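We call the chains A, B, C, D, E and F, going by the order they appear; numbering starts again at 1 in every chain.
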Amino acid sequence: MYFHKQELQYNATPAKPDAVYARKMQEILGGQYGEITVAMQYGFQAFNAHIPGKYRDLLYGIGAEEIGHVEMIATMIAQLLEKAPQGISDDAIQDDPAVAAVVGGMDVQHAIVAGAGARPVDSNGNPWQGSYITASGNLLADFVANANAEMQGRLQVARILHQTDDAGVRDMLGFLTARDTAHQNQWIAAAQELREEGYEDIPVPNKLPREKEFEPVEYQFINFSDGAQAGEGAWANGPTPDGRGTFSYVETPDAGVPMPPPTIPDPRYFGTTPLPNAAEVKQAAKKDRKHQE
Amino acid sequence: MYFHKQELQYNATPAKPDAVYARKMQEILGGQYGEITVAMQYGFQAFNAHIPGKYRDLLYGIGAEEIGHVEMIATMIAQLLEKAPQGISDDAIQDDPAVAAVVGGMDVQHAIVAGAGARPVDSNGNPWQGSYITASGNLLADFVANANAEMQGRLQVARILHQTDDAGVRDMLGFLTARDTAHQNQWIAAAQELREEGYEDIPVPNKLPREKEFEPVEYQFINFSDGAQAGEGAWANGPTPDGRGTFSYVETPDAGVPMPPPTIPDPRYFGTTPLPNAAEVKQAAKKDRKHQE
Amino acid sequence: MYFHKQELQYNATPAKPDAVYARKMQEILGGQYGEITVAMQYGFQAFNAHIPGKYRDLLYGIGAEEIGHVEMIATMIAQLLEKAPQGISDDAIQDDPAVAAVVGGMDVQHAIVAGAGARPVDSNGNPWQGSYITASGNLLADFVANANAEMQGRLQVARILHQTDDAGVRDMLGFLTARDTAHQNQWIAAAQELREEGYEDIPVPNKLPREKEFEPVEYQFINFSDGAQAGEGAWANGPTPDGRGTFSYVETPDAGVPMPPPTIPDPRYFGTTPLPNAAEVKQAAKKDRKHQE
Amino acid sequence: MYFHKQELQYNATPAKPDAVYARKMQEILGGQYGEITVAMQYGFQAFNAHIPGKYRDLLYGIGAEEIGHVEMIATMIAQLLEKAPQGISDDAIQDDPAVAAVVGGMDVQHAIVAGAGARPVDSNGNPWQGSYITASGNLLADFVANANAEMQGRLQVARILHQTDDAGVRDMLGFLTARDTAHQNQWIAAAQELREEGYEDIPVPNKLPREKEFEPVEYQFINFSDGAQAGEGAWANGPTPDGRGTFSYVETPDAGVPMPPPTIPDPRYFGTTPLPNAAEVKQAAKKDRKHQE
Amino acid sequence: MYFHKQELQYNATPAKPDAVYARKMQEILGGQYGEITVAMQYGFQAFNAHIPGKYRDLLYGIGAEEIGHVEMIATMIAQLLEKAPQGISDDAIQDDPAVAAVVGGMDVQHAIVAGAGARPVDSNGNPWQGSYITASGNLLADFVANANAEMQGRLQVARILHQTDDAGVRDMLGFLTARDTAHQNQWIAAAQELREEGYEDIPVPNKLPREKEFEPVEYQFINFSDGAQAGEGAWANGPTPDGRGTFSYVETPDAGVPMPPPTIPDPRYFGTTPLPNAAEVKQAAKKDRKHQE
Amino acid sequence: MYFHKQELQYNATPAKPDAVYARKMQEILGGQYGEITVAMQYGFQAFNAHIPGKYRDLLYGIGAEEIGHVEMIATMIAQLLEKAPQGISDDAIQDDPAVAAVVGGMDVQHAIVAGAGARPVDSNGNPWQGSYITASGNLLADFVANANAEMQGRLQVARILHQTDDAGVRDMLGFLTARDTAHQNQWIAAAQELREEGYEDIPVPNKLPREKEFEPVEYQFINFSDGAQAGEGAWANGPTPDGRGTFSYVETPDAGVPMPPPTIPDPRYFGTTPLPNAAEVKQAAKKDRKHQE
């Protein structure tokens, strides 16, 4: 069960209106790596968790905090829009380049659809979607997905932080980056603990039996480009992170295997299939064509 | 520039047709973590890379291999479909539960749209989409995204491997899991090398200045659920993975701040805003209602 | 701020596994009118609300309950999947029509992507998306949208209730339909109260000035089909629900106005535009063609 | 069968070009609540209707009118774009802020994709999609969905009406708001008539048998937020709109039920499941870690 | 303006119910090349047309017919579903493989969402979307797009025609293929007439000035694969269809140009950029690592 | 297998930065008819081809070239963004209309998500999706789809070519239009060769038996609009392109057939179905209503 309390975790009030910035802030609300994503992702991972106790508690504990971050950012966006010009015309604003520029840079659906409110979309107006989240039931894979989400998310917050001088906005974003620092570290720590406690290991999934015949290619870097320095990295030399092998470098991919012959499905699919006598048909057709010319 | 060679990297021929399995295999072709995703993701990361040399070579080197994996899986799917019953009816097959079950479990667009061919969709028929990929320009974040993609991808291959007895399919999937093992390890190794060489560090982005005032919350685990064991993990105790702090546990979130007052935008948005005399209006309205009853 | 408590509002445990039913239940979790929709819709309406007090409290109060319903249904789905056959093959299950039928009817991503867990998608595997929700800032419009959502949602729950005999599932769905009864009534009551208290009225938006010249068509039913009985309904006769007019019936639409001439944009868009001498060109071309024949 | 007549129902010609406004107008053409939505929604409701006569005639009668509104708005958009600067460069227009502002605010696909034509997308360029519409077969639910669509639609038209001074645009939008007034009232009247004639009633679906055991929660407002005034509304006191009960207020939700234990699916999904001796493994692992430090 | 007449263009009644077939039929209703696509595509091409007269009349004339085809197919689908088992359970139908197979193969949203009605989606339940259509303002390009749509559409109808023995369904599909034959021929004829009358020509757009420097590559087939027979086709030899050149065959692509150096954007994007002294940093890091081991 | 070479096929470096133009260029990279579409479309057609030899070689040969075009355009976009102002604020740039206009016109996700890199989206930020491509297994249909894609693609390149004066951009676009000229001609030539060689013919699919009873409508133009000139075109007179008939013109569609009666599904779908005694119920209801007034 979830409960709401009419408070915010931290201040979320801008110094002044800014419709263009409100649009940018949608990215960290409803974008691929916005707060809706992490709130939903941690929630579904908790719902689908297979072990009780601290790992599931961790997922629920951070997941609920993130719903509150959704609320904070939405609240901020609504205030950024509250007094901003959004195209309402007493006075033919379209002729004023400054105002027109604002209209150009804003999310016009903020005005038309939401009446100066926040929306569950990204900074280009793409609706948030369920395919942004990852919840596989394998906690090591999922905690790495979470670390990834927090990294991309913190990166985006850092970028938009540099796109405003508004003290109120910067204050809230500063708080959020601090929490992202915490969460990013926490998922990394949790992934490490899963390995130390013997639940999961690299490569994911670890419990799939290895097959002898594929060992030769299991730790090869095979270079399908002609980059001269690809063989110099730690991915082509030395011990592998899973502690079970040694990387090697294959500069030129081995010859492959012949492609299987093309398929010939049932004729009632009306695909284009070989003619019994294609050569002759063609020959005849070519002749006909020549005669016509 | 990209060049194609009419060979496959490894065998990709099934022992027998299986339209239901062909549908499942679409997940690792056109799903969120299928081969199209990694091919496109590594490609865009390479296009957007800011440093020449081994890291970009790595991206191009694996990226091109993955396009070949797209081809291998698509080739396999077309063969799984080639001779499989897909609803073509000489003989009123809908009345045969066995055949009907096949039709029920297959992707009917394999028959109707592709004429027994592979499609750029997942196992539920959702089209592949550009929002599946991540390419931020920050290589540490992106290499973690790549490790995540390989983990989820290898997990899915492992799952469908257990859903068939077809020797040809299992052979190809065995090869692919071996390559996923390699790539998963390689992205982890590459992320580690970026840190060792001083390019990037945890938390991502590392070069964002920390602000003193938020230090208190920077490494706290704040428990927004009531799970009793959330404080027992490595995410709530001990040193943080970024090497800059110590985790602490906050069992009960601090009191928040008051919510800002609701916004009141321009009346021409026709939102519902406070009445000057709401109480009186209401009172009057209530009275009217009573009189009507 | 949102807080989580490790309890469920009501029982959510099935009597037995059923992967096909788990798929159907996704509709009321992640479908257009599933629980994610109402949780998010009421949340965004609250974030965007312009008046403090009881209406916003109402939105927050029901909104948080709905997040708990998301959790209940997800928990149910995971249990329906827990022991159900999902295509794992010790024993070549594809040859058994009964098992194959299950696989055919299930959401195969339940197995491949979520490892027997719930997902934020509908019963056809379409990811939930932000465009399902409505939050306009106009509370009368939005409360009608909420009543609509609860109506469609309750209808869907009622339908799937008749598709199972599982006592545990029916128990939970019974509880949910009761809560839907409450919420459906509550949004209707709230919409009515908004009108009584003078905040908003029909038609929405009510404060848009009416323009005299359009009064003739403001309450007409104009029949663009040839259905003979369209004029018999309350929408074509008698007083209008907004209390400001009288419906009338127009059996044959009035003649319209001439279409404006086609546009002729800048030639650098390379659209197909009139030729100066099209007739002559055509004539010449026709002649040429004849000569060729 | 549908027939087209080369006339428009009303004038649809702007006074002057305006590419930015053309983009905004896309919302009421191809947005969630634009004319394509209502045309398709009423059409599918008619196709799926189960009773002949006036209700189906109503759906067909308005549905066909709405296709004509799609045409009117598309025609207007093409004219707004016809002479407007859209980025074509004789003269390095990007350096002129005024022109650049226009380009910034317009839908660039109007120029690049449609060559100055209308498109089936919303004001942010999201393609119209079938999931915008509702057609459940239950006419009471669907007529409320229609009233909702007309309310949101009229609200959006009213908003963009205030964003232009163009007399031609305002004239057409005035006509459309008048028709929206009619249709909004008509769906409300039709919903009411369905109830009066005994076809359907509140709550939808009305014919689902009520279960005694859930009566206690059937009309409760349970407050999952801490808003102090949520109990003051008509949704928490007095008779319910379905005429079958009385609302009550529950300030603090009852204690819930324990969550069921986490699921433990087949190991071949490679999810993270409990270890037989997790505590010992952990203990050992922790020791190892300490020794390493 | 569009008008509806309560008749169908042709019979649309099945001999018997078939929920699985109803799902397949969704492809030709709401799929990429279904009837909604052609109805909308021809409509938007008409709205955006720049020349009055026969070409626009053609678009309107066929476009309105296609709306009637949408109606016919939807009507057929509703009847296929009317009496078909769709998972309603008096009698524990999940245990009957035959019935379960039907449920497995059907679109479960037909039952849950539409209550046995048609939906604006394809045979995998993907909602129809505006991005399926093409309307560029260039009539030659668009008529080829229309021919393409009719070809793919007729192919799909032909495929599903072979998946049923139902006389009623086959009768309607036979009618539709006949109309597709007409329309496919008509778009080809119209494209040809545009060329003959001098409006447009190959290549599209024809009025773009050619640049001398690119003439060498303008008619080359450059083989980026190693297929041995690619040079044998009409695309690599002989006159070009636009009548302006001669194809030639380039077996091995010319050497390309060097890639530009990677970009180095503003540091406040926090991308990974070169280190001033990367080599030294690495060296130092490598040393450190060795010391730790 | 695919191999990458670290060269570009042609120059791809702009003369100067331009973030607005970078956004426009996304259309030809990740739009419906952008380079990703053709690369994927030709690839899937090759994977699904049923005949070995020159046609499949053609698909592979052009398909691999198009992947290189994806790389070229992405490389160009990254450079257009490299030094362009994208909203980074030392100095409160939002107050400068010129800079604000740039921000307004750019894709803000270029800055926030990609850190000044290219993305797999169109010029409105819609992610590329698998449903853009066509690969049916019928080569004549698919080659027409390819000609269509090259036509629309070349049209879009031509349009954006006129929206810049940048010599570097124009140089690359000139090269691309030349290659589009080649490919457009080549698909037309290939479609023609398929017909000449007897593989496929018009109408597609050609091998579907014609049914006598539908011959009357097979070549009719039936005018569902009232356009007076629709009968004047080549689509309504003279021989048909498939060489098997003669077009005729039907000015007024024949009377249709009666619509089948509405469906009445199982009552447990809770649809609205006829009342046994609707008239009486209504009568009674109407009376009640009158009495209340």
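Simple rule for what comes next: a residue touches a chain if its C-beta (ideal position, glycine included) is under 8 Å from a C-beta of that chain, and two chains touch if they have at least 3 such contacts.
For clarity, every value in this text was computed on a predicted model and none was experimentally measured.
Among the remaining chains, those touching chain B and also chain D are A, C, E, F.
Residue numbering at the chain C/chain D interface overlaps substantially, since over half of the positions present are found in both copies. Centroid to centroid, with C-alpha atoms defining each point, chain E and chain F lie 7 Å apart. Distance from the chain C centre to the chain E centre is 25 Å, each centre being the mean of its Cα atoms.
Among the residues of chain A, those touching two or more other chains are numbered 1-9, 32, 48, 55-56, 60-61, 63-65, 68, 75, 78, 88, 97, 101, 103-105, 111, 113, 115-117, 121, 124-127, 129, 131, 136-138, 140, 155, 158-159, 162, 204-205, 208, 224-225, 227, 253, 256, 263-265, 268-271. If you draw each protein chain as a dot and join the dots that touch, every dot ends up joined to every other dot.
By the touch rule above, chain E contacts chain A in their complex via residues 155, 158-159, 162, 268-270. Partner chain F is touched in their complex by these residues of chain D: 1-6, 48-52, 55-56, 87-89, 92, 94, 97, 100-101, 103-105, 107-109, 111-113, 115, 121, 124-127, 136-140, 194, 196-200, 204-205, 207-208. Taken together, the chain C residues at the contact with chain D in this complex read 5-13, 32, 53-58, 60-65, 68, 75, 78-79, 81-83, 86, 88, 111, 115-117, 126, 129, 131-132, 134, 136, 138, 140-141, 144-145, 147-148, 150-152, 154-155, 158, 161, 174-175, 177-182, 184-190, 192-193, 202-205, 208, 210-211, 213-215, 217-225, 227-230, 232-235, 238, 240-242, 245, 247, 253, 255-260, 263-266, 268-271.
The residues of chain E lying in touch with chain D in their complex are 1-9, 30, 36, 40, 43-44, 47-48, 60-61, 63-65, 67-68, 70-71, 74-75, 78, 113-121, 127-131, 133, 135-138.
Listing the residues of chain B that touch chain C in their complex gives 18, 20-21, 23-24, 27, 31-32, 97-98, 101-106, 122-126, 155-156, 159-160, 162-165, 224-227, 253, 256, 261-265, 267, 269-275, 278, 281-282, 285-286, 288-289.
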